[in-house]
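Heads up, the next two complexes both have chain A, just with different partners, chain B and then chain C.
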Partner chain A sequence: MAATSPPWGWVPGALARAVGVGMFLALTAFLLGPLLTLLLWAFAGTWLFPHPLPEFSLRWWAFVLGNADVGKAIRMSLLSAPTATLLSALVCIPASYAFARLEFPGRRFLLLSFLSANAFPKIGLYVSIATLFYRLNLMDTFLGVVLIQLVNTLLFMIWIPTGTFRGINRNLEEAARDAGAGPLRTFFSITLPIALPGLIVAALFAFIAAFDEAQGTLIVGTPNHVTMPVLMYGLVLSYPQPVGAVFSVLLSFPSLLLLIAAQRYLRAGYLAAGYSL
Partner chain B sequence: MARLSLLHLTKRFGPHAAVHDLTLDVRDGELMCLLGPSGCGKTTTLRMIGGFTSPDAGDIRIDDHSVLALPPERRPTAMVFQRYNLWPHMTVEGNIAFGLRVRRLPRGEIESRVREALALVGLPGAGRKYPHQLSGGEQQRVAVARALVLQPQILLLDEPFSNLDARLRVHMREEVKQLQRQVGITTVFVTHDQEEALTIADRIAVMKDGVLQQVDTPEALYAHPRTVFVADFIGTMNMLHARADPSTRTLHVGPWRLAVPADRVPGGDVTVAVRPEDLVQDPHGAPVRVRRVINLGHYLQVVLDSREAGTLRMFAGKDAALSEGMETRVAIGRALVFSGSEVLEVGGPMRPPVASPLERP
Partner chain C sequence: MTPPLLLLLFLIVIPALAAILETLTSEGGGITLAHYAQVLGSRAVRTDIVFTVEVTLASVAAVFLLSYPIALYLRFSRTRLASVLGVVFVVPLFVPVVIASFAMITFLVPHGFVSTLLYLLGVHRFPQLVYNATGIVLAQVWVNVPFAVLILGAGLQAIDDVLIDCARDVGAGPARTFLSIILPLNGVPTMIALTLLFIGIFGSFTIPYLVGGNAPQMLGVTMTNYLTQYLRRTEAVTMAVMAFAIAAVVGALYVGSVSRRERGA
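This part shows the complex of A and B:
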């Protein structure tokens, strides 16, 4: 950062560099500040003004993890989010392949339509879905929760794989057909392995979206199928701040682990490839 | 060993006919080049043979059996593309062995055939490498090995070397030619480079705008082109406008005059094509000015300006006494006369008419 010179060349060098460094530190503080505060709160016993640091204690962790409801919610989250992601992958990846390789009437419209779930305030969508679920007896069921979470994953599971498949040159697949492989064999032996990094990125985003889903699950999953985010909304208002902080850290955990595990796939090319029609 | 027949092949993309009524026979063991400018339909034709595109009309027969109903994986053809041939997630061995594994051959046989294929293309130790570790030329060689290991009846090559640098291109096409001779496989080779086609083909099919112009050996195409397009496309050619004078049975080609047989006098406007090597310095020829002399080592390429005929190109021996700016006289030794769909070959020398009886002939 210090090696590149700022664009405002007319300012004397040292001053310009100092301003650059200052801006960088400010941005870092802006981004990391809240996270740092969160961590401090999570490990705080009590934190009263005017002390700059709290007294450290793990008693809120014991409180949260000892709560029976929390245990159930963790279990529900860890069951529903991977299921939703897997189901989404099963449906969306073949669909993405079709979007990428076939020209059919309404293709663009259909592709854009997957944006629609994200274009409107979700609460309206969820209320309509809830009405439907009542009819179908899906309210307060595991399947209902999975389906709601699935809605959140569609955008990532369609757009990123479509871009990924588009980026695989047709010659590679044609060469496999030429060598004697049928369409299915070609897909599993050639297309899928090459597309895998992009698909992993899509699955990562989808999982995070499903895991963090709260609004819809609140409507559909209460009272017996409560996930962690939903529980957190309830707890946060009734208990001191450290409880919310502990919960936030707990919620970040799976996503963080997955991000670290998949970070070698998070190359700029794969993310960019997901956003072309 | 197989014969390939294309019968009245037509392919349309929207209103535009990429290939129009193409009929072509490729003989057993022959290396046939499909040659033409971009958009002439040669790659579309190749893809139809391979099964990647289906024709709108016509038939494709291999040894008199129609293969039109067969998908690519069941056709006895193997294709080498211009790029993106090798699968990046497999080793060279994996790439070559893939087709054999699909056919469920025993492992021992797969191993020995892969080894043979690599030896055939001159890459015996490359088995464990990944494609990205190989150079462009090596990758294309592996692609050829992969195609041949399946022992196809027809080998298809879609401009496989146009992505390589010039020297490598020359080397690789010699290798492919040699390989093709050695294995004796019927081959269709698509290219836009006429020099490439002239060098390696047994016969060349020249295409333009989806229509077949002429099919012939390289020598025949060069010496006896049957359309203006072929004459201009193959090698270098001087194209001149001419007018026939039926009363005197002569052709007026710029400053030159040529007598034509009575029954072959072309009507109206004609195009006369003259090879650069058929323009010769002649003391009784037409006056021209030398604009540029390009010394190519073993011969000279001379750009001439003629007042009536425009710019001409002439090949001269390396010892010819020609320099830029000088005036000289040239005659036409041999020319091809195109009028309508007729071609007339005339031998020279064609000289300008004698001005008066007093000038020596």
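This part shows the complex of A and C:
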């Protein structure tokens, strides 16, 4: 990028810098302050106003981890989110290969149609899905929960793999075919290994979307299929603050671990490839 | 590529169409607007609709006014501060909305972190920042800023530096450069950001449910209560369809403005 000086470059330097730093600090405090407060609460025994720091204790961890509902919710989350991710991958990855390799009229339109979940006010969509699920007896079932989590995974599982497959040189596949490999062998020995990092990024985002889904699962899954984010509503509304804080840390854990594990793939630009259609 | 399209049909198109159909059908099977009349007959619901539109507009404006300067700063500044900000501002993207809402509560609640800070600074009267519209707007800003900055920033990235240098060479000041060059050239991403922000915030549930007050409440909370607490399904779906209609109007405004712009160009 050329070194164009900013359009506000006429403002006297020192003043601009001071205003800039001040705004930067205010913004950082606003963005990180709530998370830091939450983290402090997770390790607080008591935190009485107006002490700037709590009295530290791990006793709420024992309370949360000993709670039977928490155990059930963790199990439900760790069963439903991977199921939704896997199902989404099985349904979407073959389709995204077709989207990447075939040119046909309406291709762009069909790809864009996967944005349609975002074109609806989400909660209205969930209420509509729930009324359909009532008729199909899918309310308060495991399948219903998986399907509602699936809604938010489709976009990631179509767009990112399509971008990834499109980035793979077709000549490699043709060379394998020329050497006598069948279409399946070509896909599994050539295309899939090259595409794998992109597919991992897609699966990661799909998993996080499914795992964090709360409002739809609250409507469709209560009372017997409560996932971790759904349990969080109840904890926030009817328990002391440290309980919600401890549970928030637990809830952030899987996504955080996966993000760290996959960060070298994330930096490689597979996400951006997905948005180039 | 049919299987994912079938899922899309089953999870989005059919529920939406079934909802529209159900709310327009009377018990005898004829077409009727009675469900709408009944829902709109409730004064509480009317108040909630107005409240929802107001809070959504205020949130969109707040997100936009905060995001545009950040996007500009990230686009044109090469300082270390800018690169740090480039990392910090995406943090909310990776925080589930339930956690974000709760974090906002612990931060803003009376006798929470902000109150403590104000108290230690000698301020002893605290504004009410949660369990009302202010809390909803603040939480929406927190959650939506990364997304808005990313869309606006992608548009700004596409503007050629040469154009900005030219404007400056012929004597345009910063405000003039922004209003006559940057803002119009970034028009389509701006409209996309505003539209998606409106629809996203309008259809939110978690933030108003946890951070909002009891009444008036946003439509997302009201329709969920009708569905799961009062067990009045038809009224809940009617509100859902009204939300679709309002979102569709906003979407149509967006399409209209973009096509007008493209015809003009």
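Throughout what follows, the second predicted complex is superposed on the first by the 244 of 277 C-alpha atoms of A that agree within 3 Å, B and C clash if a C-alpha of one lies under 4 Å from a C-alpha of the other, contacts with A are read in each partner's own complex, and residues count from 1 in each chain.
The rule we apply is simple: a contact is a pair of C-beta atoms (placed from the backbone, for glycine too) under 8 Å apart; a residue touches a chain by one contact, two chains touch by 3 or more.
Everything numeric here is computed off the predicted structure, so don't read it as measured data.
Visitor: Just chain B (first), just chain C (second), both, or neither: which does A:V127 touch?
Guide: A:V127 sits against chain C, while chain B stays out of touch.
Visitor: On the A-aligned overlay, A:L38 touches which partner chain: chain B = first, chain C = second, or both, or neither?
Guide: second
Visitor: Regarding the shared-chain residue A:A175, is it in contact with chain B (first), chain C (second), both, or neither?
Guide: The first partner, chain B, only.
Visitor: Which partner does A:L184 reach: the first (chain B), the second (chain C), both, or neither?
Guide: After superposition on chain A, A:L184 lies in contact with neither partner.
Visitor: Looking at the overlay, does A:A68 come into contact with chain B only (first), chain C only (second), both, or neither?
Guide: Touch status of A:A68: no partner.
Visitor: With the two structures laid over each other on chain A, which partner does A:I194 touch: chain B (first), chain C (second), both, or neither?
Guide: Only chain B; A:I194 stays clear of chain C.
Visitor: Could you let me know whether more residues of chain A are touched by chain B or by chain C?
Guide: C
Visitor: For chain C, which residues are in contact with chain A within the complex?
Guide: Listed in rising order, the residues of chain C that touch chain A are 1-5, 7-8, 11-16, 18-19, 22, 66, 69-70, 72-73, 76-79, 81, 84-85, 88-89, 91-92, 94-108, 111-117, 119-120, 142, 145, 161, 164-165, 167-168, 173-174, 177-178, 182, 196, 199-200, 202-206, 209-210, 219-220, 223-224, 227-228, 233, 236-237, 239-241, 243-244, 246-247, 251.
Visitor: Residues of chain A touching chain B in their complex?
Guide: 169, 171-172, 174-182, 185, 189-190, 193-194
Visitor: Within the complex, which stretch of chain B touches chain A?
Guide: Chain B reaches chain A through residues 50-52, 71-74, 77-79, 81, 83-85, 87-89, 98-99, 102-103, 146-147, 150.
Visitor: Spell out the residues on chain A that touch chain C in their complex, using ranges where they run on.
Guide: Answer in residue numbers: 1-11, 20-21, 23-24, 27-28, 30-35, 37-38, 41, 49-52, 91-92, 94-96, 98-99, 110, 113-114, 116-132, 134, 147, 150-151, 154, 157-158, 208, 212, 214-215, 218-219, 222, 229, 232-233, 236-237, 241, 244-245, 248, 251-252, 255-256, 259.
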